[in-house]
Amino acid sequence: MSENVLKLENITMQFGGVVAVDNLSMEINKGEIVALIGPNGAGKTTAFNTITGVYEPTNGQVSFLGSPIVRNHPQGKMKKAYKGAEAEKFARQPVLNPTPDKITALGMARTFQNIRLWKTQTVFDNVLIAKHMLRTSNVFSATFRFNRAEEAKQRAEVAALLEIVGLTDVKDELATSLPYGKQRRLEIARALATQPKLLMLDEPAAGMNPQETDELTAFIARVRKDFDMTILLIEHHMDLVMDISDRIYVIDFGKLIASGTPEVIQNDQRVIDAYLGVEEDA
Amino acid sequence: MKTIKREYLLTALILLAVLVGAFVLDASLPSYHIAIKVVKKACVYSLVAVSMNLLNGFTGLFSLGQAGFMLLGAYSYAILCIPVAKRAGVYQYFDGGIVQFSLPEFFSGFLGGTVGPVVGMLCALLFGGLLTALCAYLIGLPVLRLKSDYLAIATLGFAEILRAFFQWNALGPLTNGSNLLKNYPDIGGAAAYILLVGVFIAVILLLVNSTYGRAFMAIRDDEVAAEAMGINLAHHKRMAFIISSFFAGVGGGMLAMYMGTVQALSFKSAMTYEILLVVVMGGIGSITGSIITSFLYIAGLEWLLRGLDSGTFLGISSPIFKNGFRMAIVSVIIMVVVLFFRKGIMGDRELPDLFRPRKKAAKKGGEAK
Amino acid sequence: MQGLLPYLINGVSVGGQYALIAIGYTLVYGILRLINFAHGDVFMVAGLIMVYSSATLPMYLAIPLVLLLTVALGFVIERAAYKPLRSAPRMSLMISAIGVSYLIQNLAFYFTGGLPQPVTNAIPWISENVTVFGESTKRVTLVTPVLTAVLVAALVYFINHTKIGMGMRAVSKDFETALLMGIKINSVISMTFVVGSFLAAVGAMLYFTNYPSVAITSGGMPGLKAFVAAVFGGIGSIPGAVVGAFLIGISEELIKGIGYSTFSDAFTFALLIVVLCVRPTGLFGEKVTDKV
């Protein structure tokens, strides 16, 4: 049994009367690539956002490397309105609701479905800014340049990282001037710069053509190998998912309907009904 | 490496030439000459505009509290620097006030009559900055959670509250109520202002180009991404707000110094708008732009365009050149920039970028070090 | 308590005048998400036009002229300064509004020579003294709340029962979708400015009868306070703006009544900050959640 990296227990996210994620539990172990798939509007990104601290889940607990980082139970008005399960399970434990930056600091970095690079910054600076989190200098020592050694070290690390992901030749370009595929890759490089233990990719192949998707698939596989990375992936492109995932979780209408290896998922009737049967992602 | 340095060399030469020019001005013209006054006022505006740019331009926090912060700095400077002997006259309605010392005199006591006053005045400026920073910290606690336009209106509100507070008669022994504060010393001529403001702006420049400055710009460009990359939004916004306010306070102190009198009444929101428009015209996110525009704006307003108000401009006499025409023209120019040249005169470029070969300049540096 | 009665009466009157300005802010904010910093200056210009027109024209011509010119001004501002920035970031729009405010004040300075223009019997009837509850006051104090109520009722009818009113509601709910549904965005936005300026003009005619003169900076403070009222009531909500305006008008006058005139302005802003921090969407505002 390998080391557990991320564990979701009974995560429920309810907006008003709408249950977007319903009692979702899942686990990711060290070194795995796990995909979370489901039809449009199934609640994938919402689940993602509860893990990364963007939303506070209505109920449930997220643990990272064995310790709980997010935890909530229905409170206030939600107590009556709550439609999910396990309302009492975490009621006696303290609520944990850290901001996204705290979660990233623990070692979990993400990319965005709609690319969110810093548009006035160069490729190099986009990655360098992600290193800001790891600084030890305070604002005075940084302003008056007492942090030269750290700054030089971070710049060297960024240069090395850009070399690995193959963006060295465009490092002084504005991030937004890159072609789409390279922007995706830059976003992944930026996430890697925070030195995460878990990389979370939100639809990395969205809007890509088959060739770009193939390149991305190879790239993700290489990231896992080179950085010894654990990866959680939300994706629509079945080729990519089936190619590189070790395990797959399928959700529909917020509920987990199947989980297992790509082979198992491909032959699961519920999944085929809910998702693969739909001619949407050829 | 040599070719990269060329633009920095040229920049340094220009700055040196400006400083030498200021010394020549000081030496050859009387201190009340319009050229010296323009340089001094433009220096003050530069500092205040750059400090506003740090917050609004680099961090993307739309704050309109500038006049209030300047007011704090201006009053601190004036109150701490009025000579003891003149306090009875200034605070004539408040029995000479409760502050019965003067920093320039205090430092003269053991540093001598030449160095002492200067040290005292610098201390008063820095005290004003620190007080403003403290105030910004307190104001920031509630308002920095607000989004764009709400933040703008809340900071504007705080500036108005501060103004009312300083005019309050009960605080008269300290602030002289709604009366003028005057008779405090000025630190020197054009060169002194350029040196002083140069040092402050250099610090801001260093900050902007440090890891913290880059984090500020990340917050401006995309807050959600910045937070997801581990940048603590609350912490960094507060930091930018406090630092910007510190320099606004120092700038306010220098404005008091330049004007020779201080009255809370003049620190209205119109002053904030004026500075904001200077920042916008220079280019949001360009320190050089803020400085150049400050000089153009002040020189135009106080000197070159005077004729528009007094009947004859560029040798042309016309009845339409009467009082107020100058400001009307200036505000039309501002509107044209705001509507049609939204990047301002510098965009987000700095002086060294202008000397780079065109293609590289367009890409905004890359911090080649 | 008896001593505070005149202040209370005044407060209701001032509140009504703020309400008329506040509606202009709230309508524009609802649709463009813009704090129209120039609105207070439009109000000031309306005051100036009143001064000039009533000096040369009879009342029955002067009043329509004030309304017409103010409405035209609001329309022109929107077309010239906001329409070109439709796709620009909100910050550019706000800067443009501040620029317009600056421009109007400076133009007004040029045309008035920088001197406050004395208000002399613009509309004599409403400046006459009357007696209410044993207190002597100007008739405008009584006219204002009534007129405000009538105009607000008319506005609410207009927004809920006419086609263009429906357009305004649609645009304020969702700009893009409204556009896709074939609503003529530009005419709806223009209409918003027309309505807002019209009410500001009425407000100005009432407001300045209480003051000896109109100066170029006269619009700033009432403008800001009306904006605060709009935020207080929940920006985007018309009833909110009206209730907020009356509350602010009354509390401000009462503060003057207990002898803290210096702080009557500051109080308004303190109230604003408290509201923003405790309930950022105001008394009647809808809660908005950000989407990531």
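Each chain carries a letter (A, B and C) given by its place in the written order, and its residues are counted from 1.
In this section, a contact is a pair of C-beta atoms (placed from the backbone, for glycine too) under 8 Å apart; a residue touches a chain by one contact, two chains touch by 3 or more.
Small disclaimer: the values here were computed from a predicted structure and weren't measured.
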Taking each chain's C-alpha mean as its centre, the one farthest from chain B: A
Most central chain, Cα average position: B
Separation of chain A from chain B, taking each centre as the mean of its C-alpha atoms, in whole Å: 43
Approximate Å spacing (C-alpha centroids) for the pair chain B, chain C: 32
Cα-centroid distance, chain A relative to chain C, in whole angstrom: 48
Touching two or more other chains - residues of chain B: 224
Sites on chain A at which at least two other chains make contact: 54
Contacts with two or more other chains, residues of chain C listed in rising order: 292
Complex interface listing, chain B residues touching chain A: 203, 206-207, 210-212, 214-215, 217-218, 220-222, 224-234, 239, 243, 285, 348, 360, 363-367
Complex interface listing, chain A residues touching chain B: 52, 54, 99-102, 104-105, 109-110, 112, 116-122, 124-125, 128-135, 137, 139, 142-145, 147, 151, 154, 171-174, 190-191, 194
Complex contact set, residues of chain C against chain B: 33-35, 37, 80-81, 84-85, 88, 90-92, 94-96, 98-103, 105-107, 109-111, 113-114, 217, 220, 224, 227-228, 231, 262-263, 265-266, 268-270, 272-273, 276-277, 280, 292
Of all residues in chain B, those that touch chain C in their complex: 62, 142-143, 145-146, 148-150, 152-154, 156-158, 160-161, 163-165, 167-169, 224, 268-270, 273-274, 276-277, 280, 322-325, 327-328, 330-332, 334-335, 338-340, 342
